[in-house]
Amino acid sequence: MREAFPNIKKIKYEGADSRNPLAFKHYNADELVEGKPMKDHLRFACSYWHTMRGNGQEIFGFPTMLRPWEDWSTSIEMALKRVEVFFEFLEKVGIDYYCFHDRDVSPEGATLKESHQNFDIIAAELKKFQDATGKKLLWGTAQLFMHPRYMHGAGTSPNVEVFAFAAAQVKKAMEVTHELGGEGYVFWGGREGYQSLLNTDLKRELDHLAQFLKMAADYKREIGFTGQLMIEPKAKEPMKHQYDTDAATTLNFLRQYDLLKDYSLNLETNHAQLAGHTMQHDMEVAIAADALGSIDANMGDWQLGWDTDQFPTDLYITTHTMLGVLKMGGFTQGGLNFDSKVRRESFEPEDLFHAHIAGMDTFARGLKIAAKIRKDGRIAEFVKDRYSSWDGELGEKIERGEMNFRELEEIALEMGEVHTYKSGRQEYLETIFNESI
Amino acid sequence: MREAFPNIKKIKYEGADSRNPLAFKHYNADELVEGKPMKDHLRFACSYWHTMRGNGQEIFGFPTMLRPWEDWSTSIEMALKRVEVFFEFLEKVGIDYYCFHDRDVSPEGATLKESHQNFDIIAAELKKFQDATGKKLLWGTAQLFMHPRYMHGAGTSPNVEVFAFAAAQVKKAMEVTHELGGEGYVFWGGREGYQSLLNTDLKRELDHLAQFLKMAADYKREIGFTGQLMIEPKAKEPMKHQYDTDAATTLNFLRQYDLLKDYSLNLETNHAQLAGHTMQHDMEVAIAADALGSIDANMGDWQLGWDTDQFPTDLYITTHTMLGVLKMGGFTQGGLNFDSKVRRESFEPEDLFHAHIAGMDTFARGLKIAAKIRKDGRIAEFVKDRYSSWDGELGEKIERGEMNFRELEEIALEMGEVHTYKSGRQEYLETIFNESI
Amino acid sequence: MREAFPNIKKIKYEGADSRNPLAFKHYNADELVEGKPMKDHLRFACSYWHTMRGNGQEIFGFPTMLRPWEDWSTSIEMALKRVEVFFEFLEKVGIDYYCFHDRDVSPEGATLKESHQNFDIIAAELKKFQDATGKKLLWGTAQLFMHPRYMHGAGTSPNVEVFAFAAAQVKKAMEVTHELGGEGYVFWGGREGYQSLLNTDLKRELDHLAQFLKMAADYKREIGFTGQLMIEPKAKEPMKHQYDTDAATTLNFLRQYDLLKDYSLNLETNHAQLAGHTMQHDMEVAIAADALGSIDANMGDWQLGWDTDQFPTDLYITTHTMLGVLKMGGFTQGGLNFDSKVRRESFEPEDLFHAHIAGMDTFARGLKIAAKIRKDGRIAEFVKDRYSSWDGELGEKIERGEMNFRELEEIALEMGEVHTYKSGRQEYLETIFNESI
Amino acid sequence: MREAFPNIKKIKYEGADSRNPLAFKHYNADELVEGKPMKDHLRFACSYWHTMRGNGQEIFGFPTMLRPWEDWSTSIEMALKRVEVFFEFLEKVGIDYYCFHDRDVSPEGATLKESHQNFDIIAAELKKFQDATGKKLLWGTAQLFMHPRYMHGAGTSPNVEVFAFAAAQVKKAMEVTHELGGEGYVFWGGREGYQSLLNTDLKRELDHLAQFLKMAADYKREIGFTGQLMIEPKAKEPMKHQYDTDAATTLNFLRQYDLLKDYSLNLETNHAQLAGHTMQHDMEVAIAADALGSIDANMGDWQLGWDTDQFPTDLYITTHTMLGVLKMGGFTQGGLNFDSKVRRESFEPEDLFHAHIAGMDTFARGLKIAAKIRKDGRIAEFVKDRYSSWDGELGEKIERGEMNFRELEEIALEMGEVHTYKSGRQEYLETIFNESI
């Protein structure tokens, strides 16, 4: 095949002063930050669905994307051709990992068997290209939301046949992920929720979902898959309400059904926001539970109530994200998957490069700013000092669970009143933060 | 003391055709619904803070409320007089329960000891009036958010002295609640959260909060208090983010720290909404975890991003709430506490009656509509039928955990495709719902 | 052609006690309310796009709708067949009016000329069925948002060729609307806005839009079209921001460019909500400017940030809407167009009936409740009395513009302070409102 | 009086490398940007209400602020002392302008006359300090929202006496503003709106408000005040809905009542956001109408639904704001008023300095970045090029109003289809933007 992007060469790092639109100004893969190459901190992944299958269609608009290699069919030939284009893109944009849903790499067949067969053909092709290029699979997943059979849910469907069908689809997707050396497998429950509580048995649906995930964890062990299993929370859209609403809600579910030992979280910036949180918040919650597996890197629009999946170009968001990643000691099997799509109006192939460069450069800068803030140390020191009263004898006893209300009341009566307060200094801390940008 | 509401007599039930503004049109305390008197279904409580201490002040406005009995001081005399007025109000409006914070019934002293003493004086007066009138305490709580010492948190304060002080305050409030025969004790963590993650150690704060609640549960057992301990979730306001965000988040916290055996939830309609949920949703989540203790009955404004604490006058909200209460078999130690305040512009004493009548009548109607929907049975039957495929052999085996992915894949391959779907019929179900209004 | 809905007969009014799902319980077309038949108050219209072209597709899901008559093609034959089905539906559901976009009744051709020809064929068919059935066109419009050519706007496109193309499309749609006796023509500017201000010349775009609308008004006069021209506001979606944000914003635009004499507003419930308003509010704003032309009747979900276009089943919304309609003296050329779609999960043809019945019955009840509230008169009287101080000499002088600051200061100095306030009595008024439900 | 801030010296510019918390890193008053000193671009003003009267109180919390000079009384002596402290603060923080409400500088008296007298005393003191220091009044205003008499509105009160009283208060505030050489006078209608439409005559209230503003404009002319009159929009809070919702809504009102010749807009970042807009958007709308008078500089929290009035520390916000200001050619009588308050937890006097420094430095950087983006020119050029098709003959004829639908249809039929589209390149433009940060 001729090149899909004939006029675009491999994107290079040219430094902050370059005015070349098709060059990195900040992402320098092998540059060391805190002693580790940027690429190992960031572990960028490209999402197959947005990059290869995004066509610009939305509820009020027909497709817009120009993709010269596409016939927009669901043929196996087209599916194979897309693999080649995708690896050319990965190579040129300099991203080492990718993520996919079963159905965006390979077409759904008339029967499950046919779908499995299609998937095998494409999986072999992906394997071939992985081997040839050294690119790797960050995680795989099954698409359990587009097909009408899943309209009422997959693992939470009121129809037991749908549950069985979904199980079979996930089984296969796990197998292919395993074969391709995937470092993780993700469950995003886009249909696991409800449109109306009037027709929903919420408790029974959650019980079913737990059984589903238990079987998945069992199957992982059975086939010796060593990647991490992850749940990706989202509060709403497409459903009115989804069960894996946010980090805390998902952790509650995992704890309730004793699944926390088998699952961690794949957090997405735009999803955190739709749940009413900052990404920072949901990352803190996940990190505090030692359950942050990976990140879907994008950004939303604060004034829009749906998933805009924009490429991350806000330095505050990328810096806060990387502060969290550095704090937890970096990714092990996770990474930064660009679950981001070019705007419908950015319809040229070239825009795929502009957009990924935008995201990679903004994250590279976020990483460098985060490292600078950590090196500066003033914010961390402020926080440490803020809690220093807890480092004394009383604090330690409370933290060890060795005090009770009677003893604390005696101390409080003795004090009479608390006399020392410290300012929270939020404005000052925001200034220090800005100084590193 | 002369009457506080001299022109208002005890509010009576006069039926739907009455045009008397100071009469119930629907709340008929002893009328049986599903075989139980309305008052036992609803267990209304009046909140001392809004009814006696609400003055109409807000961030852009000075107090407006006319309260002829008030000198607006923090004297013990005034605090005692308020008790008398409050019980006159309870008597006239026909509400059997009430709820309070320590500091809205009795003034804060210069020292903790003085505050305790003040509280004892008022507690004795409350006891006296309870005995004289038969009114009861639904639940008590400690106000751990107004005083500057709690600006950074109480159980989550970075200052260990504040933690000790808060513990002493809660200990006392639990004791008084116990003495007054309270059926519950509530923790609303208005300051247990953060304004900025830049100065916050989220994990350490959560650990401290868990220790705090553990001590409270221990102390409950120690003093033999048999009321239920409850957490009241709220997502935000006053802080940017509060830890007890919503039902699921709070359950996650309780599970993580092994506190679920000791705590249930006190859910508030307006708080559920600020967290991005319907009250229905949060009730379903709590009921599914067998953890719905009590309800703060009010309503918010869907277009305002703060806690408006309006009296509940929306029949859809009250009906859905009562459907949930009936579904769980009714309250045991919980009830419907009107955590509702008259609008700042409804500043006359008479408005307190209009507002409570509005809330009580709307809930009485909600109860009757809910009972009608249950008797009608069409919605419940639809839901049962919707999941009927799960009642077969396959469904039962899955629910019992006796199936695995291999077996399900075989079944799915056999099927080839799922062929039967049922419509969700949302619009039809909404029509049936309306038919009972 | 055989019937599209063979098992469904014409929907009849059977009264509130009927349990027949396919009957009206409240909508009784000829029943008089305030001396006028219900059908003339409500003037229901059915939207061709949702009813005939809605397929259940959304961003995360493939089509779901079962439509036995459909081959889902864009052929003229299929387009003709849809007309027949549509009129069968109108007949059976008992709706007298309909609304359409050019492109949802007739397929886009390879050239504009071809599109015009297709449109003419379908227009003739629509005319034939109108004549045969007595059904009427409430309003027509051109679809200027689905086709990629309009991705950056139509009247506000940065490409002047697109502007010309859009003008030609609107010209034709106006002509067809005129031929079909349409009582109005609507402009919904789904693409007239921006995704990013970084690439947008807002002022120049608004100037172009004004020219566009000026030409449309000129053309209306030229062809003698006597229907009303209307703008339909929407704040966002599909774009980040649309220029016709809400009623007030659109009025500002119309005033600025001297277009208010030629245009009125077509308000939609769900759009008002996405702009942060209640429908009540936007109706008050439009009525105060004597500019409420027609209504798109639906409802949104307060917790979802996109246009859910649900059938209106909330009695508060329909009652408030009809209070507004009665207040302005009823529709002249406008009506209640169900810009509402069945949920994606309500995929059976039968659901189209359930949904329209739901909407029609809820509006019929809203009409009756509104009339009851008006007859009761207590709310209107309260409002009148609330402003009664303005009916005195001072108020009248101010209202006539005959007072100045000096004179008012003298009066105020004399008063010293305002001594009389009246309670707003919101809770009481909400109770009265509920009494009529 | 001894200094209020004895340990703080005049804040100096020390450059980006300084680690002195009490120094400017970017704001260098006399440094030229686009040929004009920074201070003349930015024209910072300090708001008296937040800086001198903010006590940290909120709906769930008592005051927290430590202000050693305060006795928290409403005495004239205290009011006089505050003036001295304020000018010490202005001097030390290096801000040349200030803004006030009548009632936050001088106490309300028992009668209007007394209030006037108090105000005169304080005005004289302000004058004295202005003369001594060279500080200037950016704008004055009357506080028409805190006092209970205004609970239902001031210019829109249902009580004509309240209207008269408000007029008298505004008259006096305009006089004092005039005496103090104020460059503007602002109307923020915090109570001009409604809590419930059930008790509101919206049309009559708007008519009254227009009369009020007309009299104000007349009085301005009468006394020869040459400052600009401005309306400050806010969508909600304290009321459910305020009439001056956003820029476009306010312009609509001004046009409707022929007041646009006399009034411009004072836009606030946080208010724009509460209305569902970016500040950028509302600035574009105001600038397009040549009606942007001045700016209230702060920022909100995207996830909180109330006015948080935070100091602006987001470089994107300040850069976009300054791009707008530079685009309109800079302020004439307007400026950047910090309508920003220190967090309740930043309670030390020192935090007032940290916060203002944060805001000033972030705006100084925003100004420099904006100038850099303009100098770079790539974004402006992209926009110009994007609309270049309009610069041809056809575009010019349309813009001049010389084309009609018939002529455009001919052109479109000739074209057949639009064949050229250009990508919107949003991601690329965002990258260019970031390059200047």
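Note that the chains take the letters A, B, C and D in the order they are written out, and that residue 1 is the start of every chain.
Assume a contact is a pair of C-beta atoms (placed from the backbone, for glycine too) under 8 Å apart; a residue touches a chain by one contact, two chains touch by 3 or more.
Note that the coordinates shown come from a computational prediction; the quantities given were computed from them, not determined experimentally.
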Pair in B-C, B-D or A-B that repeats C-D, with over half of contact pairs matching by residue number: A-B
Pair joined by more contacting C-beta pairs (A-D or A-C): A-D
Computed distance of Cα centres, chain C from chain A, in Å: 40
Averaged-CA centre spacing for the pair chain B and chain A, given as whole angstrom: 36
In chain C, residues with contacts to at least two other chains: 148, 151-152, 195-196, 236, 276-278, 303, 343, 345, 347, 421, 424-426, 430, 433
Contact set on chain D toward chain C in their complex: 110-113, 116, 148-149, 151-152, 158-165, 167-172, 195-204, 206-208, 211, 214-216, 218-219, 235-236, 241, 245-246, 248-249, 251-253, 255-256, 275-278, 280-281, 284-285, 287-289, 379, 382-383, 386-387, 389-390, 392, 394-395, 398-399, 401, 403-406, 408-409, 411-413, 415-418, 420-422, 424-426, 429-430, 433
Contacting residues of chain B [partner chain D, same complex]: 56-64, 145-148, 151-152, 190, 195-196, 236-238, 240, 301, 303-306, 343-345, 347
Contacting residues of chain D [partner chain A, same complex]: 16, 21, 25, 273, 276-278, 302-303, 311, 313-316, 342-343, 345-348, 350-351, 354-355, 357-358, 361-362, 365, 421, 423-428, 430-431, 433-435, 437
